[in-house]
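A, B, C and D are the chain letters, set down in written order, and residue numbers restart from 1 in every chain.
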Amino acid sequence: MTSFDARRVRADVPLLRRKINGRPITYLDSGSSALTPRSVIEAMSRYYELRHANVHRGVYVTAEEATATYEGAREAVGRFINAPHPNDEIVFTKNTTEAFNLLARSWGAKNLTKSDAVVLSVMEHHANIVPWFQLRDEIGFEIRFLDVTDDFRLDLSNIDEALRGAKLLSLSSMSNVLGTINPIKELAAKAHQAGALVAVDAAQSVAHTPSDVTDLDVDFFCFSAHKMLGPTGIGVLYARRELLADMPPFLGGGGMIADVSTRGFTPAKGVARFEAGTPPIAEAAGLTAAVRYLEQLGMANVENHERELTADALQRIESHFGDQIRVIGPHNVDRRGGVISLDVEGVHPHDVAQVLDQFGVCVRPGHHCAKPLMKRFNLAATARASFGPYSMTQDTDTLLEALQRAVELFG
Amino acid sequence: MSNLEDLYREIILDHYRSPRNRGELESPPALRVEGFNPLCGDEIVVYLDVTNGTLSNIKIAGTGCSISQSSASLMSAAVKGKTLEEVHKIISRFKQLMTITEGTLEDGSEPEPIDLASMGELAALAGVVKFPVRIKCATLSWNTLVQGLDEIPA
Amino acid sequence: MTSFDARRVRADVPLLRRKINGRPITYLDSGSSALTPRSVIEAMSRYYELRHANVHRGVYVTAEEATATYEGAREAVGRFINAPHPNDEIVFTKNTTEAFNLLARSWGAKNLTKSDAVVLSVMEHHANIVPWFQLRDEIGFEIRFLDVTDDFRLDLSNIDEALRGAKLLSLSSMSNVLGTINPIKELAAKAHQAGALVAVDAAQSVAHTPSDVTDLDVDFFCFSAHKMLGPTGIGVLYARRELLADMPPFLGGGGMIADVSTRGFTPAKGVARFEAGTPPIAEAAGLTAAVRYLEQLGMANVENHERELTADALQRIESHFGDQIRVIGPHNVDRRGGVISLDVEGVHPHDVAQVLDQFGVCVRPGHHCAKPLMKRFNLAATARASFGPYSMTQDTDTLLEALQRAVELFG
Amino acid sequence: MSNLEDLYREIILDHYRSPRNRGELESPPALRVEGFNPLCGDEIVVYLDVTNGTLSNIKIAGTGCSISQSSASLMSAAVKGKTLEEVHKIISRFKQLMTITEGTLEDGSEPEPIDLASMGELAALAGVVKFPVRIKCATLSWNTLVQGLDEIPA
């Protein structure tokens, strides 16, 4: 914690100076999208002001600089998640969702057949469910869902059975509804032993805990820049080099080919094969700045800071509201991140969020793109508060004040 | 600035806490229509009994926020027992109430000047237009009703 | 021309103040990517500083504002290309390339069978070729290529035959190598008569000529923001409402579903069905600003301005260099845009571009993602200069000076 | 700042205008290897005759820019008639010349300090490293040669 100071992070984020309904904004929706520090915004402005050009093939100075900016982001991201060969393993997509579609349509379409199985969990985000359904509907493999226990953990009681004969285990590292952190390293070892590859939906964890694909020993790792203080419009698929080298292309077009004639085409080698068309160049500059910013904070510091905030918030919600507000997620902060889903007795999440908005408190009501999980717990929706590195206890204070009003209004 | 009291008027909270015409009707003979707001997961089911050009009975089932639930309840109270012609007039008046932004009801017709006094309890929904994202909640049951009426053979 | 003043446009573009190798930059690569005016850069910065949040489902103020920003871009783009129903017809993609992949994988996969045919042309960009090859390699329809004449026009001599029994005619409105403007309106009428739908690759024309999908009477229209003074990371697929309503989803994930269970999913209706995951929100803000900027210039003014520049440049290149430099494209400015591909006798395009860079002149060497066209004219590459609304005759002056040096060095 | 004369030295322009060892060899018996730079469309074909551990003949075909063409020509002149051992030494010295940025040759080995004087005409390529995008042009023929040598049975 030495050098970490949330007040300084807060000062770096211009949006946190805004007032909402007469009150300073209390941003508790980092789980949907994190706020951007000034350095990220400026990295993109500077890019457009000084060195914007299309990448690759350019010989002139700004085109070389744009290319270096773009390829530099691969290095930065690779370092951030400890990918051994960034230039052969980091593919830029538009978001986590596209990363999973690429994975399904490329690796999946090539390697899965009718008699195979893919293992997901009931707590997955739709991004890690729907692409598999779409592919399955075409080629007919089996999709197995690991259940979630009543205390909001992955149900691993039948994991060996679930993995038997499976080709892929694809799991989120942190649930975007429950906050639950899954034991990816242990599960990856188990899956590999069973002969399955391992894909991780790291969208929710990447800005809140350290990421190390080498230590975790996973094969695919997907996330979005906008959840890690970076820009919209860019996401990442990490794929282990040997696997990526064998994956057929997904989107077709310029930049992903070795040759094209009027009869057919030959795809390019390496990561270029998966990056058709003009890539998100300014966004790559922003992502690099976001990575640098998080590295300077130190991801272990961020994790500690958010764990303390979460422990405090969980404790205060429980002691203040008792049975009136149910937290849909683990109650202690062991293997749990700063995503707090609330079910307020007698008040619909939409109304909770509406009342909170009046206090400048930003939380998200809804199914959070995790309908199977909602169904598992018989909920239509929750109101979700989530922390970022700029969050502080004063945010929890305002949250409690506003929740109190919601409870009173509908009580 | 709009405040909470504009949205959550007493009448609305009352209809939310004690919804009118809650329940189901056997279908058939009743018409059963489902409405769905994919964004917030709200679901509404409207049951309609139409006899001799009159909406003789209506029941509401489903789940949703205070605005969608109270709007459904207010709607059911407003239209129950009315002739279809009157029902259509009420719908069109409600529609006007909601059309500070365009296209709140799905048939896309034009709004006219509105007489709040003539609307009874429905007028309590007037505050919703200050909260544009909630208009979808308020109109869910009404759109479902319109859809049901469209299915009734002329 | 009344109010159009290229000097003012130039003053709006920060990058044009840069010096390259000691000389003011001469940016002649707008065909690859256009430069961004300050208003576009600021629209994005302001978005991040004031109202960044994830779209949809949000109830709080900034989430509503972000949603309004994003949906507002649909309206702005719809107005710009005269789409009758923007909210049901404008789909945001990451670039033109993704737009064509979406078209092929959604409309194409649903409507094309082994016995069908799709008509393209030899002058297409890979973005409008490779996705069709990929789909064909799976389902086996016929792809017919319209040829290009020796004077760089679409060869329409056998158009009726080519269209016979075809389901789709997919053509660029302006060649990114030749500058040739194709007679889309006439061809669309012919194609419709023959029972084929019409897709337009407008990537190269959208920032240089007025676009009117209603007047052209085309069914699909694809382009990228970064070629129209807007940001990287966002592109557009316009699809006629009745067609879009029937198209199955492409990418799967959050936001494109009506329901998801552990058994399967139901897709959402409307444009949402095609926009899985967090969309390019800041980029949509930038695109809106770019549209506004171009509207203020007036696309007819831009077209006139660039036509004058092109006529002047073509004439001067010919009179100065004679046979030493061959222009690979139409020689008069009738139905021709400001893309000028050069073949310099005895000097490889790579070397041309390298010498030009020394003068601060930015041109692009290469096959311009149009290999079939290159093969048609027996070229490996060209050096391409292309104009934007900020281009002026002084750019042509410097281009000529630098070309002279290239000719001398290798002569 | 780097200028054009660094890149386009007289020797380079000379080898570009009058390429050495241009042509083809019948294959087989000669080994034929293709190199390809997908970004700029340059293609190179290298023909190799190896007899008794010596690169007895080499021919270059294909098209490309002045840098890729002259580098191929310089390469052919440098390696022709040399033993394979000597050829590998020349390759590794050329590699060092190019490694201001990492990974310019594909085998990823480490560079050592370099003695320009010992390199003869090849030293003319030293200016290329100041133009990082052109390194790919200069190394194309060399990577193709390496690929060919790898295919020769030991």
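General observations
Everything below uses one rule, namely that a contact is a pair of C-beta atoms (placed from the backbone, for glycine too) under 8 Å apart; a residue touches a chain by one contact, two chains touch by 3 or more.
Model, not experiment: these values are computed from the prediction.
Between the Cα centres of chain B and chain D there is a gap of 78 Å. Averaging Cα coordinates per chain places chain B and chain C 46 Å apart. In whole angstrom, the spacing between the mean C-alpha positions of chain A and chain B is 38. Multi-chain contact residues of chain C (touching two or more other chains): 21, 57-59, 257, 259, 350, 354, 365-366, 371. In chain D, the residues that reach two or more other chains under the touch definition are 39-40, 134. Taken as a graph of touching chains, this assembly fits none of the simple shapes: it is neither a line, a ring, a star nor a complete graph.
Contact between chains, per the stated criterion, is found for A-B, A-C, A-D, B-C, C-D. Across the complex, chain A is touched by residues 36, 38-40, 132-134 of chain D.
Against chain D, in their complex, chain A makes its touches with residues 56-59, 64, 67, 257-259, 268. Across the interface of their complex, chain A is touched by residues 14-15, 18, 20-21, 25, 29, 32-33, 35-36, 40-41, 44-45, 48-54, 57-63, 94-98, 100-101, 122, 125-127, 129-131, 133-134, 137, 143, 145, 224, 226, 231-235, 249, 251-257, 259-262, 264-265, 276-283, 350, 353-354, 356-357, 361-366, 369, 371-372, 375 of chain C. If you check the complex, the residues on chain A that touch chain B are 21-22, 347-351, 354-355, 358, 365-367, 371, 374, 380-381, 409-410.
By the touch rule above, chain B contacts chain A in their complex via residues 1, 3-4, 7-8, 13, 16-17, 39-43, 63-67, 69, 131, 134, 137.
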